[in-house]
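Structure incoming, see below.
As written, the chains take the letters A, B and C, and residue 1 is the first residue of each chain.
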Amino acid sequence: MAYALQQLINGLTLGAMYGLIAIGYTMVYGIIGMINFAHGDIFMVSAFIAITAFTILAAADVTSIPLALTFVLIVSIFFTSAYGWAVERTAYRPLRGSTRLAPLISAIGMSIFLQNTVQLTQGARVKPIPPVLEGGIVLWDNPTFTVQIGWSQLLIIVTTVILMTGFTWMITQTPFGRQQRACEQDRTMASLLGVNVDRTISYTFMLGAALAAVAGVMVTVYYGVVDFFIGFLAGIKAFTAAVLGGIGSLPGAMLGGLLIGLIESFWAAYLWAEYKDVATFSILCLVLMLRPSGLLGRPEVEKV
Amino acid sequence: MSAVVFARHAMTPAERLRDAGWVAFVGLILGVPLIGLTTVDVGGRLGVETRFGLLAAFVAAAFAGRLALRWGIDHMRNRKLAREQASTTTAAQRAHGAQRLVNIVGWVALGASIALPIVYSDNRYVVDTATTVLIYVMLGWGLNVVVGLAGLLDLGYVAFYAVGAYSYALLSTQYGWGFWEALPVSGALAASFGILLGYPILRLRGDYLAIVTLGFGEIIRVILVNWTEFSGGPNGISSIPRPSFFGLEFTRRPAEGEQTFAGFFGLDFSAMHRLIFLYYLILVLALLTHVFVSRLRKLPVGRAWEALREDEIACQAMGMNTTNIKLSAFAIGAMLGGFAGVFFAARQGFISPESFTFTESAIILAIVVLGGMGSQMGVVLAATLLVLIPEFGRNFSEYRMLLFGAAMVLIMVWKPGGLLSHREPTVRLQATGAAASDKEGAR
Amino acid sequence: MKKTLLATAVLALGGFSSAALADLTVAIAGPMTGQYASAGDQIRKGAEMAIADINARGGVLGEKLVLEVGDDACDPKQAVSVANTMVNKEIAFMHGHWCSSSTIPASEVYNEADILMATVSTNPQVTERGLNNIFRIMGRDDQQGLVAGGYIAEKFAGKKVAVVDDKSAYGKGLADEMAKAMEAKGLAPTLREAITAGEKDYSGLVTKLKQAGVEVMAYGGYHTEVALILRQAQAAGLQLTVMGGDTMTNSELVTAAGPAADNVMFTFSPDARKNPDAAPVVEKFRAAKVEPEGYVLYAYAAMQLFEQAATAAKSTDYVALEKAMRDGSFNTVIGELSFDAKGDQKAPGFVVYRWQGGQYDYAQ
């Protein structure tokens, strides 16, 4: 029981992180209908920015953890959004209105490009920082097994909940959210009604990148080790999460992320860890066979 | 990081400078965290190192590059405009001319590929790289059936490639099958995997299909890695027998009672003989694939694929059986991938799950899309480019994959429809032949 | 039609072209880019230094050595491509590749082209395929696993031990051998697990180990994952001792795992830096700001092996050189090298090390 609870905490933490990255996929898909394969690498870039920022702070002898975290978050979000904007501008905007597959290939190229840029400029070695948040709360002091939740795990879960709430509010209540949803439904009509479509799409990319940046900072805090290869696996998993939840749906992305985190944790905990990816993808297939547009996705309306 | 934006009017020099300045500013922001700053290992801890000189150079390069690019684009556009105004041919005529050119180039390429090993008979590297290109051409043509013709996005094509490779490897090392016996069996096996994958996901469309195929590719790879008793696990399978030339082995010393290729023809033994033989083998396989696919396109099933790509609902309304159409596309694409896998295993002599990762699927898909979906010649061109860019890049070693990624983006931005985006309609109505649309967006 | 063309092609140009080179080209290959680039870097630094030294002594048989570097990124397909490039460059000797999965396919190309190679790949398959052009200057995974497993069974008798690998050819081979050796000495592993290399989250594994009360983890795989597992174990309040293989020599482990790295033990050949004969070379490396750790001295030794074998054979011709290597005994910075019929080093000798405050030393 205690063991299951601990694995649940592990799974939730992992799932929250997948969910944060998955929102970036889902928003981009919602608005321009493309799979942004470079999104995982945007997340990787943000982790590197976070590492650099933490190192600068350590060199400047900043010891206050809340201060350090806020600084790193702001820096990372700023630069990562710039990357999100630039990627959209150079690799996707010129392809708008061409075939569906053209931006996909461009995104795969961009992903390879970003990975190698980071490898070249920052080196192939893994980048570690000393643990930022040590310790945690003991939840249940069972004689055989102590269940504890680390401060960093708590931070990840709480941040994710806050961001999700804020985000849902922004999409449903603010003028920007309305514009965003308008562009999702019909880009031509939205532009006729005075919505600046280009700008809305740019902002969407920047927002997705900002969420990836938060995930990047969290990964740096939680694992403390970053390399140029982390974007690939995280990207694939997050993309799976977005599809599982129903691509285009924000709560769906979060739900998908959590589900995948939990499936991975529990499958590895009780069954064969080496087949956990098989389990994830098989469950995805099953879900899609029963609900072809994901758990919370809207069925596509087809016009003939 | 310069963006390609379409200008609406001629730019004044001041505007050009402002535009380039803006790009340089973006370059500065992007460059600060990755170029200007880096973390280095100082005695077991990280320390920050600044490289502002390099950053300044990068920003300056962005500024100059943008100016030149902007000017170049405007210049080219003006010239193109002038040429179009001057010329009297219609778009259809030009397209027809382009098609004829492509045909001529195709024959020239065929001639060149037959002559290549004769010219480079002692250059191992050239022959071997050309063999790799041909493997990708064949894979591209196979995937083209699924993506280019039937319009089904497949991100896990490498699974069928793996099925083909492992079937040959297992059949030959465990049961002593020869290359030619194993080829059809492995192809059939890959095809049945295609149907196996295709069946449960018939209802899915677009990107849902993409993620499931991606997952299928990963499942196959993870099983190959973990099921050690069956597939050798991460060790892979080594010492896979090489194909023989009608029973003549390409070895230095013949086995008891057998004759070697070199001995039979009275030649000195050379390791090149096998390489050249393998090259011609894949050339023949690839050409057969080409003929096969071109013929299929003219048959009802091929037309059905293209109809399905253009409009699935209309297909159903016309009473076509979309299930069978989709499954046949998956099966035939998978079979061709399986054949390529058999050849790959026979050429490498060693296979392991590392050769069948998602990246491989992505590259094959990139070949199809970069070539211009559905265009057979485009696949050849794109496969050649994508294999040769990293190979030429070996001189720049660490910039190799960077260039590869950048090239993929640039080609796509430059030619969104693919390198040879013009497609000859498979069927042409005689009366309105010229008016047949050449490229319907596949949206 | 095709067949006649083929026959003419082969008949017409079956011959060789062999150009006499002014310089002797030798090559190294390994992961110069990609995840394991730091190992490739070590090999390059060692080989560069060795070649500079050999050339300063007047080269091999009066000819200067020139170094070619091949990057396979640990990808088997690229390894074959690199091998073909190297054959074209008519190299006389190859040191590489690094990953076993690259060495195996590449060695068949070198074998066909009559090129001798010395490798540090530890998978048994490397020398088990009956190729006579390959020499291994490092031990084998089965020997390595024997030493590591034996050590665990002896020193940690009665404790719960988990055997974990990363599903790579190297990692799984090593972990299997460790488990076998432990069982032979009467200590059955409590858990047998596998992880996916390249992931970051191993909290599931750590929780599982904690639940099973595991104190020692025998690990087959690379150092990056060990660092992550140790960090996460520490965060979960689990004291874990790790026993790994030769890849743990990488000092990245210490940077990434922090003080927890002191719990890592591993097997490696006897420390060449402690070899008194190697002292001048070690000094030279340190003067050049290169710590001769891991594979640096092995790359140096591989070049020495070539120099001495060629001098003994008085030729760089394949047959003579191969005979010289197989029969001779060579004095290198990693000690005395001689080979058995398969091409394995005769006295590989693995020793157990332990990290301590950023340095590794023999474990007691």
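Brief remarks on what is shown
To be clear about the criterion, a contact is a pair of C-beta atoms (placed from the backbone, for glycine too) under 8 Å apart; a residue touches a chain by one contact, two chains touch by 3 or more.
Note that the coordinates shown come from a computational prediction; the quantities given were computed from them, not determined experimentally.
Steps from subunit B to subunit C, taking the shortest chain of touch contacts, total 1. Chain pair with the most C-beta contact pairs: A-B.
Rounded to a whole number, the gap between the C-alpha centres of subunit B and subunit C is 33 angstrom.
Centroids built from CA atoms put subunit C at 37 Å from subunit A. One inter-chain figure worth recording: subunit A and subunit B are separated by 29 Å, centre to centre, where each centre is the mean of the chain's CA atoms. For subunit C, residues that reach two or more other chains under the stated contact definition are 33, 167, 194, 255.
For subunit A, the set of residues touching two or more other chains reads 119, 125, 128, 130, 274, 277.
Touching two or more other chains at once are residues 41, 45-46, 225-226, 398, 401 of subunit B.
Within the complex, the subunit C residues that touch subunit B are 2, 5-17, 32-33, 69, 71, 74-77, 80-81, 84-85, 87-88, 101, 104-105, 108, 112-113, 123, 125, 129, 167-169, 171-173, 194, 251, 254-255, 358. Listing the residues of subunit C that touch subunit A in their complex gives 33-35, 37-38, 167, 193-196, 198-201, 203-205, 207-208, 210-211, 224, 227-228, 231-232, 235-237, 252, 255-258. If you check the complex, the residues on subunit B that touch subunit C are 41, 44-46, 114, 117-118, 121-125, 128-129, 132, 225-226, 228, 233-236, 238-239, 262, 265, 267-268, 270-274, 276-277, 280, 284, 348-352, 354-355, 391, 394, 397-398, 400-401.
If you check the complex, the residues on subunit A that touch subunit B are 29, 35, 37, 45, 48-49, 51-52, 55-56, 58-59, 79, 82-83, 86, 89-91, 93-95, 98-106, 108-123, 125, 127-130, 236, 239-240, 243, 247, 274-275, 277-278, 280-282, 284-285, 288-289, 292-294, 300, 302, 304.
By the touch criterion stated above, subunit A contacts subunit C in their complex at residues 3, 6-7, 10-11, 13-14, 119, 124-126, 128, 130-131, 134, 136, 145-146, 148, 150, 152, 219, 223-225, 227, 229-230, 232-234, 264-265, 268-269, 273-274, 276-277.
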